[in-house]
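Below is one structure, written out as structure tokens; the observations come after it.
When the chains are written out, they are named A, B, C and D in that same order, and each has its own residue count from 1.
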Amino acid sequence: MSGSDFGKILKVTTWGESHGPAIGAVLDGFPAGMALCEEDIQKYLDRRRPGQSALTTARKEADRVRILSGVFEGRTTGTPISLLIENTDQRSRDYGDLKDCFRPGHADYGFYAKYGLRDYRGGGRSSGRETAARVAAGAIAAKLLKEMGIRVMAFARSIGPVEIEEKNFDPAHILLSPAAMPDIHAEERALSYMKECVAKGDSSGGVIECRISGLPAGIGDPVFDKLDACLARALMSIGAVKAVEIGDGTGVSRARGSENNDAFCLDEEGRITKKTNHAGGILGGISDGSQVLVRVHVKPTPSISRAQETVDEQGRERELVIGGRHDPVIVPRAVVVTECMCALTILDLMLSGMTARADRVIAFYKK
Amino acid sequence: MSGSDFGKILKVTTWGESHGPAIGAVLDGFPAGMALCEEDIQKYLDRRRPGQSALTTARKEADRVRILSGVFEGRTTGTPISLLIENTDQRSRDYGDLKDCFRPGHADYGFYAKYGLRDYRGGGRSSGRETAARVAAGAIAAKLLKEMGIRVMAFARSIGPVEIEEKNFDPAHILLSPAAMPDIHAEERALSYMKECVAKGDSSGGVIECRISGLPAGIGDPVFDKLDACLARALMSIGAVKAVEIGDGTGVSRARGSENNDAFCLDEEGRITKKTNHAGGILGGISDGSQVLVRVHVKPTPSISRAQETVDEQGRERELVIGGRHDPVIVPRAVVVTECMCALTILDLMLSGMTARADRVIAFYKK
Amino acid sequence: MSGSDFGKILKVTTWGESHGPAIGAVLDGFPAGMALCEEDIQKYLDRRRPGQSALTTARKEADRVRILSGVFEGRTTGTPISLLIENTDQRSRDYGDLKDCFRPGHADYGFYAKYGLRDYRGGGRSSGRETAARVAAGAIAAKLLKEMGIRVMAFARSIGPVEIEEKNFDPAHILLSPAAMPDIHAEERALSYMKECVAKGDSSGGVIECRISGLPAGIGDPVFDKLDACLARALMSIGAVKAVEIGDGTGVSRARGSENNDAFCLDEEGRITKKTNHAGGILGGISDGSQVLVRVHVKPTPSISRAQETVDEQGRERELVIGGRHDPVIVPRAVVVTECMCALTILDLMLSGMTARADRVIAFYKK
Amino acid sequence: MSGSDFGKILKVTTWGESHGPAIGAVLDGFPAGMALCEEDIQKYLDRRRPGQSALTTARKEADRVRILSGVFEGRTTGTPISLLIENTDQRSRDYGDLKDCFRPGHADYGFYAKYGLRDYRGGGRSSGRETAARVAAGAIAAKLLKEMGIRVMAFARSIGPVEIEEKNFDPAHILLSPAAMPDIHAEERALSYMKECVAKGDSSGGVIECRISGLPAGIGDPVFDKLDACLARALMSIGAVKAVEIGDGTGVSRARGSENNDAFCLDEEGRITKKTNHAGGILGGISDGSQVLVRVHVKPTPSISRAQETVDEQGRERELVIGGRHDPVIVPRAVVVTECMCALTILDLMLSGMTARADRVIAFYKK
């Protein structure tokens, strides 16, 4: 089975390997008539681009996106938007040991077991590089959401043991921070923690949080396509993510109902709202009008420079030293990926929601 | 959009409301020729049935399943298996306050916002009762997995603050335990904790763990249909689940790469295995041959007998007291639901995996 | 793979075998709030019911439909509508020869080759009886279309060599006619032709035409989900259909462009229309506002009472005599099936069309 | 909704407009390990390329395909195969009248009604040029089918009134014939018929036939994904196709059951076969081991050089003269498109069929 596509009404298909000529995405089902240019997308890709600080790989990728279809005279046409990013820095180096060794913490072994062969160059299809294609597509979804007053904002909540503090929270700092942290003090501590990791040839995990505001109540489908179920799949499909939490997340398991339930009330303008938001804006899989709150736990980069034990394709035990250029922590660059996967998920479910009521269907076609 | 179906090759569609005449599932794409009778399914449903202990609602549901299609002369035929469970205890009671009030912690408000109306009887489609249909379908998937030597075993890891201890782990106790716990000592403490909760008109959350053993390496599709992404969606689609963890889960965010990576090695018989299993049996979205380990965090039952503040459909603030019969903790009955959702997910991806290699496709049709 | 479901936003899944306890359908994705009762559906099923004239099998099936979910207080709720039809006349007869013989013109052999076993009673899943489930679901779609002013009307265009004449066309006669013909004179000739067929132990083919009026321009998706492509799949999936034509259909292959092109013009009220309708209301896969016109060619009932040569499961040549009760011509009962498959197809594409424009998406969520 | 993808296990997504920078396809779900190079695909594209004879447009398109992903060291890797074809001859001409006129026989008006805007250059997304992407993807499917001994062969059966004769049938001539006809005599007559059409500023329709040999019995899914239903959708989704026939096709409507049924018998080697093949190799939607036979009726090219009446976007009646370069008959170039859509359909259903039996699933994973 395929598995390279995501979404039902708004469908993104990504393609491409780490060291092939290019990677890309096709975004099908995007509504016609929205203004769109390459720069709208490039802004997002630039946030993901490597080579920007000590936290990221030295690999240089211009990551320039080209729109090959679906936009005419500056507007989307309702037809598939094909996005292409050339792989400009596919250094033709010697893969030596890596070529037939299964790198610990990577997809290598499972991939080989499934397909009987694999593109050993930089993880091939399982490389984090694939997420650039998601970002390109997600940037387009985010733009339409923004036009509807919906803001999707992700940031690094923690790197290793260093966590941001709510009192220092400054959203404006996220895009400036090499750590993608909204807390300048935590950022500083995170950077020195990472320096220590790198010095030891090691890597670190972390937590990304995403907050979605302005989402109306009623988004998400009741059973298998619950908003949180779709978000969970979307985010767990990012390579290094090992846990997804909604609202209070793992905290709910120790809570009591009287603590965990959020009371409904009216705001000053008489609109329905909630006194608290333990639920993270989702009840029974449907948005409740509060801020949607998701957290993902990202594992430490598996490519570390220390020697590791492993096995090769011939079934021999080997010691492996991974050279090359690797992010010592995945979190900062995965922040925009998280944001984009959330945007794609939400817009798809919003499009789905347009057909939920018979009277609105009838009214639509009376136009 | 629909959203009541799950799976790609093996597709389950559930239908039915809490207080309608019946609920059911259609399981399409199940392979032909497996022996199957109603009792195979009933065993699983009985594990989910309410009214079995102080931990569960007093609502009595026989939950007898009928197979209406897809089985002939005791074997599956490859055609859709229709499963029907009548709602025998749909007590025609007075819904009074509940009728137009949005219950805190429930889907009521979001559902109403989406559809403009709702079946107010017991949550309607958003009731936990819908999961009985999933269990019926999942039992069939679990049977075929068992014939392939794959065992899916879920249990209650914790209830409120009470957690099992690995040293007391006794899998045989799970099916005997009213708490679905594999640790008789923890079970005892959990029961007294729950008694206290009930006495206070309150409810509790908990953690369910699922261990899948015998799964070969190579299951899962590389990008959006990663094994963990599919499991995350499957499990987050269970109403009360607010977090999903794979392997070390949330623990990875504080770990270093040198700790988190699992070294590959050879076992005594020269087969590839791993020295540790922080990854929970999944690397890059593909199974690695180790035990797959998933944990879900379940929120406390939102229906509690204490008075709660809320709002009604007319936009008035109200005080709500929920009477009726409710599980004070969802975990014990959700254990088998977790198991069944895992079984459906894994079998679907295993069927998908059969087409992964050209030489095997060619060999298949040479038969 | 499954294959028992149809549609993307509005999804129908059918289940059930000819001689099992029941057949049914689950219709998911239907908009909430439309008034619906069992009688709305029963009217359609009654048009398909056997035992109504010399043209149809003597098998008696009450074909009473029950709505098991998705309707509350007389309105659809947006959740899956489960429809159940019990098989009341599953005569427990001796299948003798039929049991392991592959009936000519039936799915028996292919089904056996695929699954390795089969339900030999009356064709099992491949029985025309499966279409009752489609009719039940399609009746619901047709009701919403009617509320939007869209009329889907099918009828028998010909039976064997007897064709209706446009000058006698009386739509009111279709529901009265045992042949489902809108021409009382052709009907008479068709009935005597069928008498002759039956006397010879033979059966006849025929043509069903479906006209869809009131459909706005702009329905259908440009590439693979063209309106005509979706209709073709929908109609070719009815067991006995061997050809599907749109508009002039097979006639286009001998036509010239200057004849086949329909000129656009304005009607009296200044709205865009076409001078002719060779295209059958569909251009480039999208409706053009004219009447949609589809024709399907239905093969003669393969179950005939004459002796036939065949082979059995053991690979022996055999002579087969099919007893039992069979329609000598499939067309009259398949008329309502055609209508219902068209209704399901069109409504699904209309729901899809609601998300086609960004400005309408934005306006929808401003509400 | 999207609609730019086709297939379930083997999924092709096409993108691109007639006059954009490029068109392409992503083929996801193709099995790993098959040898593949660009030349394998180019051979098919060359059969579709314009500018080859008097029968086709003078527009020159090199139509060179590039494989951007999914192939490593000469073999498919099981990951999406991205195919890119640059539009080299996008002559920047004056669209004048065409720009806001709805061309008769084209998708222009429906497209505009749906999306509110359109790429007026050469039909944009609705251009026949989109089929080049299908051919590129289909060539890959055809290669794997060929390795399984399955041959998909399409040809022009008729052009206007000129039909091939079975007695002259020479498959070797198809690839040599500018008309894609397997009958050198019919070809000659077709060419002079077309000369006459062109002289009159007119165009012609025709019939394409596709014969699939070597397909085992048992391919196709019983209900909505019948082999013929899938083929019908696949072929009707080719822009100019207005009718699809299987086997005897429209002929069945006048036939009797005793004529139309194909008797099963044994061949010399004791294998099950049929004495005749009225069914065109498909019974009840499943292949029966005989040659699969499909015919499509193609309308005359709607772009003709004669003046035509139409309406523009401003709702004014206009006279339109279409200049530019257009095939006077679509058939010859659509032959390879037909072949490729059949190949994609069949391979997808064959992959699906691998999961049909429980014992084979178990055996597969015992490996």
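Here is the rule we use: a residue touches a chain if its C-beta (ideal position, glycine included) is under 8 Å from a C-beta of that chain, and two chains touch if they have at least 3 such contacts.
These figures come from a predicted structure and were not determined experimentally.
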| item | value |
| --- | --- |
| Chains touching both subunit B and subunit D | A, C |
| B-C against A-B, pair bridged by the larger set of C-beta contacts | A-B |
| Distance-maximising chain from subunit B - centres being C-alpha averages | D |
| Whole-Å gap between the CA centroids of subunit B and subunit C | 38 |
| Intercentroid distance (Cα basis), subunit C paired with subunit A, Å | 44 |
| Intercentroid distance (Cα basis), subunit B paired with subunit A, Å | 26 |
| Set of subunit D residues in contact with two or more other chains | 1-5, 8-9, 14, 29, 32-33, 78-79, 114-116, 125, 216, 222, 352, 355-357, 359 |
| Subunit C residues touching subunit B - in the complex, by the definition given at the top | 1-5, 9-11, 13-17, 20-24, 26, 28-29, 32-33, 66, 68-70, 72, 75, 77-82, 84, 114-119, 124-125 |
| In the complex, subunit D residues that touch subunit C | 1-6, 8-9, 14, 102, 104-111, 113-116, 123, 125-126, 130, 158, 160-161, 197, 200-207, 216-226, 228-237, 239, 241-266, 270, 272, 275, 279-280, 282-289, 297-304, 306, 308-311, 315, 317, 349, 352-353, 355-357, 359 |
| Contacting residues of subunit D [partner subunit B, same complex] | 8-9, 29, 31-34, 76, 78-79, 144, 147-148, 216, 222, 350-352, 354-362, 364-366 |
